[in-house]
Amino acid sequence: MQLGLVGLGRMGFNMRERLRAAGHEVVGYDRNQEVSDVASIADLANGLTGPRIVWIMVPHGEPTKQTITALAEVLSEGDLVIEGGNSRFTEDQANAALLAEHGVKYVDVGVSGGVWGATNGYGLMAGGDAADIERALPIFDALRPEGPREEGFAHAGPVGAGHYAKMVHNGIEYGLMQAYAEGFELLAASEVVTDVPATIKAWSRGTVVRSWLLDLLVRAVDEDPELQKLRGYVSDSGEGRWTVEESVRNAVPTPVMTAALYARFASRQDDSPAMKAVAALRNQFGGHAVETNEG
Amino acid sequence: MQLGLVGLGRMGFNMRERLRAAGHEVVGYDRNQEVSDVASIADLANGLTGPRIVWIMVPHGEPTKQTITALAEVLSEGDLVIEGGNSRFTEDQANAALLAEHGVKYVDVGVSGGVWGATNGYGLMAGGDAADIERALPIFDALRPEGPREEGFAHAGPVGAGHYAKMVHNGIEYGLMQAYAEGFELLAASEVVTDVPATIKAWSRGTVVRSWLLDLLVRAVDEDPELQKLRGYVSDSGEGRWTVEESVRNAVPTPVMTAALYARFASRQDDSPAMKAVAALRNQFGGHAVETNEG
Amino acid sequence: MQLGLVGLGRMGFNMRERLRAAGHEVVGYDRNQEVSDVASIADLANGLTGPRIVWIMVPHGEPTKQTITALAEVLSEGDLVIEGGNSRFTEDQANAALLAEHGVKYVDVGVSGGVWGATNGYGLMAGGDAADIERALPIFDALRPEGPREEGFAHAGPVGAGHYAKMVHNGIEYGLMQAYAEGFELLAASEVVTDVPATIKAWSRGTVVRSWLLDLLVRAVDEDPELQKLRGYVSDSGEGRWTVEESVRNAVPTPVMTAALYARFASRQDDSPAMKAVAALRNQFGGHAVETNEG
Amino acid sequence: MQLGLVGLGRMGFNMRERLRAAGHEVVGYDRNQEVSDVASIADLANGLTGPRIVWIMVPHGEPTKQTITALAEVLSEGDLVIEGGNSRFTEDQANAALLAEHGVKYVDVGVSGGVWGATNGYGLMAGGDAADIERALPIFDALRPEGPREEGFAHAGPVGAGHYAKMVHNGIEYGLMQAYAEGFELLAASEVVTDVPATIKAWSRGTVVRSWLLDLLVRAVDEDPELQKLRGYVSDSGEGRWTVEESVRNAVPTPVMTAALYARFASRQDDSPAMKAVAALRNQFGGHAVETNEG
């Protein structure tokens, strides 16, 4: 089927390839004209036969808001917008409402898989009305991995549910990564286990901890057994924070997800003000404190 | 090849099947004569042609110690004992030393895979001398999953390294399980995601969080979407505690593994003495306290 | 000096007493006419000679908003409103802006001390313009504990800073309470320490952990040595959550404050959905799972 | 009364002063002859009239063990040894047994207060037989702070209970310090609170968080408002680790104490191997990974 696609960065670019390989007709727009099929969002709308479907794949926040606003101007009654970026679930209601003023439908989709999705397919979680989601199924089928549809795609609930599901997915992801990472550090600290890379690789099959993330860790350790080339400095992209905020809002204890997020925060501090305060306290009740306080 | 196997509980019984299916000759001993091939450990030793290999698969602690002691009496110079149970890595040195007095070699193996190992094969991590491990490779090859040997088996280091690796494996496992569990609770608490089982199932392919544990969670939620039939009461088997103790010993911060362990502790408390104390404190500085204190 | 006081609940009622005892003239208003000095907020405004000062001490959220709105109607240019309740610091800007439209000044004050403040005095943290705070100093001096002013009162910063400081104060409070509570539980679990109440009481003087909260714990344990009369069920009042949200917003790792908050969340769950999920996972890779899955 | 004192480091030296000021006769021994009253432990024993009491105040572990062994040689039936150092409670049984072979009694005492104890007195928690503790009460009374005995001294239980109580005390101490430290960091990160030192000082009286540790933090921030002169590098002395190990042993969840310990561990790492692993994982599923993996 025919699809407009706004945003041809790493993710959007790959998705256009995958959709075209599946036989769909994709009109892509990006501010970067080198990769764009059309010159403007208006051209994109004009290049599609109604009722149109337009997938958004731009950074969350302001860029997504601007794209929604721009699409509201050029789309018409009965068209459908699919927000596939990393929006916070709380923004989907506003997006849907704005488009609804123009009779345009809205579906939000959480997309997982990173750069590997281009070949493996993407895990998809969608929120919206059943009819709208039904209509876009051929697109979802092209993007999701091969195998039974329900193992790579879900209609998670009404508008917002797709991004909510993706948010929780990422919270889990933080926890999983931190669990493997702590295991790696313990093995590395051990004087008993002498072949850490072989040990981790041996977890690839048959064990309880086997997973795709483990496979990636095996790759990383194959390339650089002690991970010497990397700094232990880890960014966070928003979903991890939203997950903690959502767990606080719902009074759901999430110690593992939160510990994983805080470990990232700490990894980015040159020096910890909190630990300065602990050092100061120890200094105060230890002996030297008294001496300096006498001065 | 020929192998003695002490302990034919759920794990040992399955392993005997898998080894025999691979063409090995297994003489199994268990206190439960219904499943045992021989009447005693002495008979087991007599039933094997030297140099013998005997695999131990009994509960850790006292039972393993007793088996090691019994085997030391009936085995001879050049025989090999493989401790495949859940011993703590700190016990392996003593086991090896006791057997070494009789010229018997010792290898420790961490085994992962649960009941699924019978069909999928077991992930194996071994500790000991290279020559001893080399000698037992046909056994390891029969037990491990199909595929490249290094993806289901590792020689992790000297004696103790197999159980150390398994300990860390289980620490990671605790963290992974808790991460998924927190995600499940957040989804269940959400008023936005209305189809939790479908959402979790959609993570099976293409996503960053796909794993064998996720597949098991999908199965569990398929059977009982709200997990109503289960109590949130979770035991811990030792390795999780040892992992935390080892991280404390090595000054390795493991917030995720530890949070997962503590969540299990808390799950088993009818009421928390600590939270009684917090309630008492709030009571003291809140108004009612003053009233009752006046009495 | 003269002061209007809106809200004569437990805190406001005590504060009126303390202010009057210090020689101030207080006109109090409460919806509960039994404790109120005047019939309405309008009467309260009329009962004061301008330029007026009115202190708000009502529950945060809607009640505070309504009081601010009502005061904006009846106060005049040059009057001053002091918001002494538990507002979130993010609400102070809006409060100040609304009042500023009528030329009314705004100061926010975080108040600590609970019911004990009536006799001990309250710890006060204020946010606002220096001139406005200067003007209210006699009020602050009457409410704060005896001793040097700076040990019980601070001008923490511009509007919002008072409630921000109180929020952090409460986050710390959560952490302190949980620390003592965990210590209590460990002592109670110990087979070595046989006199827990005496042990805790002995920490009252000379030790590093001595504090007012410890004194309260001593009182609680004096009354009920095993805290048998209490359930380990602990509410949270908002500030603890805001502190965690603020730490997430600022990428400040606060593992202790957050753990204390999550322990409260968990204390209120009859059964933990997350721990059901962990139990389900263990069940899946344990033996019984296979049996039931066959069906 | 008369007392032998082995170990005249910072703590022991101060204690000798305090005991003498209270009218007790103290014979002190230290390897450092400059501060020692006698040349050897034998001389110390000879300098006391039986039945003797000897207080040990040397570093825990090997030095304490050696001192116990040496005292066992020179003391006699009916003498009493008080171990006031930082021994782990698990070592007290062995100490008591060794001395019992010579008819020498044993009491263990946890001592809190740091350098401030010299003037304020020390918080004391004792373990041992009632008769032995009764006998040493004049010593305890001289060392503890003024005020009711039970507010600075407890007979916590049998041998080991004194050090157990001190261990828990220190676990709490870690949690308290971390709670204040996190609050300090949040205030420092805030764009709203502009006077952090004044805010913290205002918590000194009337607030729920007032404590001796807070007073020390006020002092530290008075001297160095942003704690710029200190590195956020914090040692741990053993008791914090033992507390976590003991909580694991007793299945008592202690998230706050443990988080405080782990924050110290992390503060001492130049770079975190675990966070390298997380960075590696992100790298693997991000775009650059694919590029480098192609090579």
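As written, the chains take the letters A, B, C and D, and residue 1 is the first residue of each chain.
We adopt the following convention: contacts are C-beta pairs under 8 Å (C-beta built on N, C-alpha and C of every residue); 3 or more make two chains touch, one makes a residue touch a chain.
The structure displayed is predicted, hence computed values, not measured ones.
Trainee: Looking at C-D and B-C, which one has the bigger number of contacting C-beta pairs?
Mentor: Of C-D and B-C, it is C-D that has more C-beta pairs in contact.
Trainee: Measuring centre to centre with C-alpha atoms, which chain is farthest from subunit B?
Mentor: C
Trainee: If you average the Cα atoms of subunit B and of subunit D to get two centres, how far apart are those centres in Å?
Mentor: Here the centre of subunit D sits 37 Å away from the centre of subunit B.
Trainee: Taking each chain's centre as the mean of its CA atoms, how far is subunit B from subunit C in angstrom?
Mentor: Whole-Å distance between the two chain centres: 46.
Trainee: Go ahead and note the Å separation of the Cα centroids belonging to subunit C and subunit D.
Mentor: 32
Trainee: Of all residues in subunit D, which are in touch with two or more distinct other chains?
Mentor: Residues 114, 178, 180, 182, 185, 189, 208, 213, 252-255, 259, 262-263, 266, 272, 274, 285.
Trainee: In their shared complex, at which residues does subunit D touch subunit B?
Mentor: Listed in rising order, the residues of subunit D that touch subunit B are 208, 236, 241, 244-245, 248-249, 251-255, 258-259, 261-263, 265-266, 268, 272, 274, 285.
Trainee: Looking at the complex, which residues from subunit B come into contact with subunit C?
Mentor: 10, 114-116, 177-178, 180-182, 184-185, 188-189, 213, 216-217, 219-221, 223-224, 227, 230-235, 255, 263-264, 266-267, 271-287, 289-290, 292-293
Trainee: In the complex of these two chains, what residues of subunit D are touching subunit C?
Mentor: So the residues of subunit D in touch with subunit C come to 89, 112-114, 117, 120-125, 127, 144-147, 150-158, 160-161, 164-165, 168-176, 178-180, 182-183, 185-187, 189-190, 192-195, 198-199, 201-214, 243, 246-247, 250, 252-257, 259-260, 262-263.
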